[in-house]
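Across the two complexes that follow, chain A remains constant while its partner is chain B and subsequently chain C.
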Partner chain A sequence: MKKIEAIIQPHKLDDVKEALKAIGIDGLTISEVRGHGRQKGHKEVYRGMEYQIDLLPKIKVETVVTDARLDEVTRALSAAARTGKIGDGKIFIYDVLEAVRIRNDDTGEAAL
Partner chain B sequence: MSRVFACFFTWCLVSSTSLFAQPAAATGIDARLSAVEAAAKTAQISGDNAWMLTSAALVLMMTGPGLALFYGGLVRRKNVLGTMMHSFALMAVVTVLWAIYGYSLAFAEGNPFIGGFSYFLLNGVGSTPNADYGATIPHQTYMIYQLMFAVITPALISGAFAERMKFSAMLLFTCLWSTIVYFPMAHMVWGKGGFLNAFLGGKVPCFDFAGGTVVHITSGVSALVCALYLGKRVGFPREAMKPHNLVLSAVGACLLWVGWFGFNAGSAVSASGLASSAFVATHFGASAAALGWMFAEWARHGKPSMLGGISGAVAGLVAITPASGFVKPFPALLIGFLAGIFCFYMVTTVKSKFGYDDSLDAFGVHGAGGSLGAILTGVFATNAVNDGLKDAAGKVLPLGLVDGHPGQVLNQAIAVVISFVLAIVGTLVILKIVDALIGVRITTEQEVAGLDVSMHGEEGYSLEA
Partner chain C sequence: MREQDPYQLLRGRTESVDSLVRSAALEYFKGKFNPPYVMAAVGGYGRRELFPYSDVDLLVLTANESDVPAFREPLSEFLRVLWDAGLRISHSVRTPSECYRLHEDNIELHISLLDLRFIEGYEELFRRFSQGLPESFRRHAPVILRHLVSLTRNRHSKYNNTPYHLEPNVKESPGGIRDIHLLRWLSQLLPQQEFLGESLAELTGKDSAQDFLFAVRCFLHNSAKRDANLLTFDMQDEAARVLPTEPTQPEEWMRTYFKHARRVYQCSLRALEYAEGQDTSLLRQFRDWRNRLSTPEFTISRERVFLRSPGVTLRSADAVLQLFSFAGRHGLQLSWDAQRRIRQEIRQISESFRKQPPSWNAWRDLFGQPHTALALAEMQETGVLTAAISPWQSIDSLVVRDFYHRYTVDEHTLVAIGVIDQLLAATNGGQQRFHELALEEDQLPLLRLALLLHDLGKGITPGDHIQGSLSAARQVTQIMGTPQEGQTAVLFLIERHLDLSLIMNGRDLEDPATARFLTSQVPTQEDLRRLTLLTYADISAVNPTAMTPWRLEQLWRVYALGLEQLTRELASDRIHEELFDGNDPSSERTLAFLDGFPKRYARTHSREQIEHHLQLAVQSKKEGVAVEISQEGGVYLMTVLTHDKPGLFASLCGVLASFGMNIVKGEASSNAESCILDLIRFTDPLYTLELNPEEVNRLQWTVECVVRGSVQVSDLLRRRRPARRLANDATIVPCVRFNNEASDHATLIDFVGEDRPGLLYDLASAISAAGCNLEVAMIDTEAHKAIDVFYVTRNGGKLEENEVEQLRANLLRAAGQT
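Moving on, here comes the complex of A and B:
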């Protein structure tokens, strides 16, 4: 099992959700996060006080998939989140030791 | 013979009937006339009273929720309730002071600088009109209307000490400030026999229709003194202290704008043509100032902002306040536009040059805008709008520079100087007293935690709820 963690542009969330749904990925978790990579931030001015905003709003999407589906899901996610500009985000992949379904203690891939 | 007698009898009857009928009819007309007069007076009292009670409610709405939201949105999220609490608590505190002795010190006859105690505990302030202040509204209506001004004035100051003043110190400060600065200033400008009262026997006649000096200069200048005395917020200006919710501020500013119609047009103390004139001037001033600030900001920083627009509108409302019942619509546009640009310059360039932390720009907007408005009132006031100032023979007198009375600009300047001096000296003395008694500033730990948790034990936005 692998965990796919993607940091994406907030406005691409709907595209990513639909792309994952289209290939049968039902379970995912998202959170609102702030961060930056190579993308520069922007300047905000409040009554003459300038603030450099370099931590920008992003969405973190997390899902866990079987090893067999990893490439397919990663590619679908990446394609859906892409605009081609700096700031599109990153995808990180981790090994998952175990998964447990709380409702009935299913474990392993059966719990996904 | 009997026939003659009958004729005579009939004549007597007829003539006596007509003789008696004559005075009876005259009495009927008199009675009806006086009934019509009474009805007309009742109708005027009803009309004026309805507008003045509405105005009083509108002015209260300026403090809460208007100012509470405007200031609440401008602070960081950890201080939102503490900041709104300043405005809200003053609605209650100043009301109690006003009922006990505040109204009396401001509006009872006394010396030129402060009123007496004849209205102590609102003694004699009932439904009978007070002809000096408003002949067509109950005295009680005038009292409650003026209370709303006394409430918002100290609330405006809270913009300068936002995010770092102890709540108990804020309460004590306000009680003393109302007593030492506001009540005397209101008496001088609006009270009968006040030193600056143009209409009720003042030595130096100053035109301040709705409180440019009394409300905005006193609060704005006192705010600057508070900001300097308390010192900067921890981390200012190194740390980002941007407004946490400009949506709240925008809603609050628009409520201020609407409430200001009660503030200015209500200051006509009647539902009259003068009220309409003040209403129009108020709206025009706010609109032109919103544009003035936005354009200045656009030129300087490349973008017109929501915060700039609402700040400009408030600056224009401040500046038009003293002028509103004295100027025509086009001077109102001009006063507003100038105020928008001037206050933008004050809160951006001047504030950063001197480095004081007037957190929410109470001085830059209210002190500066109020002073500009007071002086420009001396320029643009005209008896074509307000014919209330007459000489002993009943001739309407010229008002401002545009009426050919340049001396009025000097009178206005004297009023501005008196307001500055009273506000600076009064506020400094009060801060020293409060600081010695209970301390004015919260600890650094409390400041870092935020007012909401450290002063009030609650949070504005709870993630767990």
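Moving on, here comes the complex of A and C:
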């Protein structure tokens, strides 16, 4: 099993949710996060004053999938989140040792 | 279809537990244990209110401490038997002297003794112990009261001091069963206070709040098969089906719940206040100083407003509104007596609002108070809000099921208004920017009114609540007599109140198309500011943690984006299309006048105002200039129309400076025929015009002479004391930004600095001295901060790089920054 963690632009969340739902991925965890990549945020202007926004609001999407579906899910997520501009975000993939469904103690892939 | 009578259930369970406890005590103590002992019920068990899955609280009393070790083994067996019988026992072993002694770290012990009841054991020991209790309570009452009040206040605070939760806890929430217990305990600790006994009688009689709440709690326990007290949405559905004599809709059944919870909460608050008043400390002295705020109509005592002549005050809707405005001005709740009188007279008050509705000024006064939310909450609790605004009934205690919302719709609305009140009063960290934005808002009454009405539609047209809210708002603002401009502003806010959230979450904020889309929906800075504040309040009122730093940042970005775009559009977005009926012959003349002005002008002025300016423009063609000075509240408005010429704006600012006036807002632009329209709002800090009305005419005449060239501004200013320059300890360092990308044909100058009389004249003179033409100016002041936007051209085009640097230096020098 693999955990996919994607940092995306906030306005792409609906597209990502729809794309994952379309390929049968229903289990998601969404968090509101702030951060920056290589561009270190950007400058914005208010009342003639420029100010630096170092930590830009982003959305973190997390889901755990079977090894067999990893590529498919990663591709779908990436395509849905992409705008082609700097700030699109990143996807990280982790190994998952075990998964347990709390309700009935299912384990492994059966718990997904 | 109703489930079993809750009292029967509780008594029945109590009796069966009594029987178990008695037989276990007889088996393990009687005859086998010499020292005297008592097995007593305390807490809910003592009150004979054992809910199906409540804990059983036992007190084991021994005569002496030396007897306690001998108890351990039989007690252990005794408890095991009861646990095996399925009871959850909570017990303590004490001696009478231990119970009489004050335990400040365990006040719950003393409170539990208030409900003491004999089960089994030595009756003589129990009799002697009980005889000593009243004296113990009397001696320790102040401390017990203080802790009881503190525990209750903390509990209420955990639930944000409101009973109106979508999924309330029937035991612990404000207005829940615990508050009835509170009244019971206080009436035992303060037996001389009749009102406590009366409140308790009201809440525990037949078909009372207790009757209802007990039935709910029994139902919850039986459904969950455990000590569950949360009235979840699922439980509400089921309860509405089985508890009433006929099944009812969950929303209606919850309204009954809230009706009872409201009354319990009000009684508990009154009791808490009384108990707190027993404290004759500095707090009381602090409270008493407020008595100085009393008026001929209202007295203040102990932080509450009393009516001097209820018969007079409650007779007219205007007077009733004044009462709540007074409460909102000083942040004071009504006295219990005033609340009671209002409830008694609510029918008559309702008639007064219907037959002689208060004027818009009275409503405006109410919505302009620093504690408007408190005043409206008082109106809500006394029924006046529904009497005054009949559509409010549709959202009174309305549950709309939503994962994120914590409160009923009416409570959410009042919390949202409270957010604005708090934002104006203080700030912390991340809210600083919004605090400053709120301070800029000069139409707070309209903003609060829009918030009050924005969700009415949830009770009228749930499928499309915005339309329902708009329809109700039209009706309400009509009855209130809201001026047309105000009504338009309120309806706009209601219609758009979800837009900024949608943009925050669903649009790419770095795409220029988003900014253009935003300003197409929100066309003026004033609308944008109000909508941003409304969105801030709406999100913050969803639940206490809804306005996260993330959302705060996103909302601010949307606001800043919109403001930047609107500023850019000042110069580029001009009127070039027909706005009026093509069949109307006068429209051609109006269109010619409007042609070339920024679109903002048409968006922020009514047809009547535009027509009036057109008349002034015609006059200015004949006489060279048309000047008009009027007063709007504490601010004067000078309207000037004339043909454009170099240095004109600076001259107008100079005249005002020479009279000692302070410019707070201004707009200057010209149309395609080079007719300039300057609208300058100013204050009169030395009261020159107010004390010498003829000076208004002299000011007007002076402006006309300056425009015609017969008087020089420099001569006027020579005669005045120089304006105060930037002091060393001034808080705002001036800042100037130039932008040659904002407009196709002009350079944008943004200025922020410390405001002072004469500042605008100095800035405009610097622009004029640089040979620049002022195309558009937007002047604003927030407290002591001047926020000015100029679009300038030189020789018909944008400024070159070297011209920018030179002008920057001159502007900073003019602002006092060397």
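Here, the second predicted complex is superposed on the first by the 100 of 112 C-alpha atoms of A that agree within 3 Å, B and C clash if a C-alpha of one lies under 4 Å from a C-alpha of the other, contacts with A are read in each partner's own complex, and residues count from 1 in each chain.
Assume contacts are C-beta pairs under 8 Å (C-beta built on N, C-alpha and C of every residue); 3 or more make two chains touch, one makes a residue touch a chain.
Note that the coordinates shown come from a computational prediction; the quantities given were computed from them, not determined experimentally.
By the touch criterion defined above, A:P57 lies against chain C but remains apart from chain B after alignment on the C-alpha atoms of chain A. Counted by residues of chain A touched, the larger count belongs to C, out of chain B and chain C. By the touch criterion stated above, A:V45 is placed in contact with chain B and with chain C alike.
When both complexes are overlaid on chain A, the residue A:R101 reaches neither chain B nor chain C. In the superposition on chain A, contact of A:T83 is made with chain C only, not with chain B.
Chain A residues in contact with chain B (one complex) as well as with chain C (other complex) are 44-49.
Every residue of chain B that touches chain A in the complex is listed here, in rising order: 237, 240-243, 297, 300-301, 303, 305, 307-308, 311, 344, 347-349, 351-352, 361. Against chain B, the residues of chain A that register as touching in their complex are 44-49, 51. Residues 9-11, 13-14, 32-34, 42, 44-50, 53, 55, 57, 83, 85, 87 of chain A touch chain C in their complex. On chain C, the positions that touch chain A within their shared complex are 504-510, 548-551, 553-554, 557, 560, 563-564, 735-737, 750-752, 787, 789.
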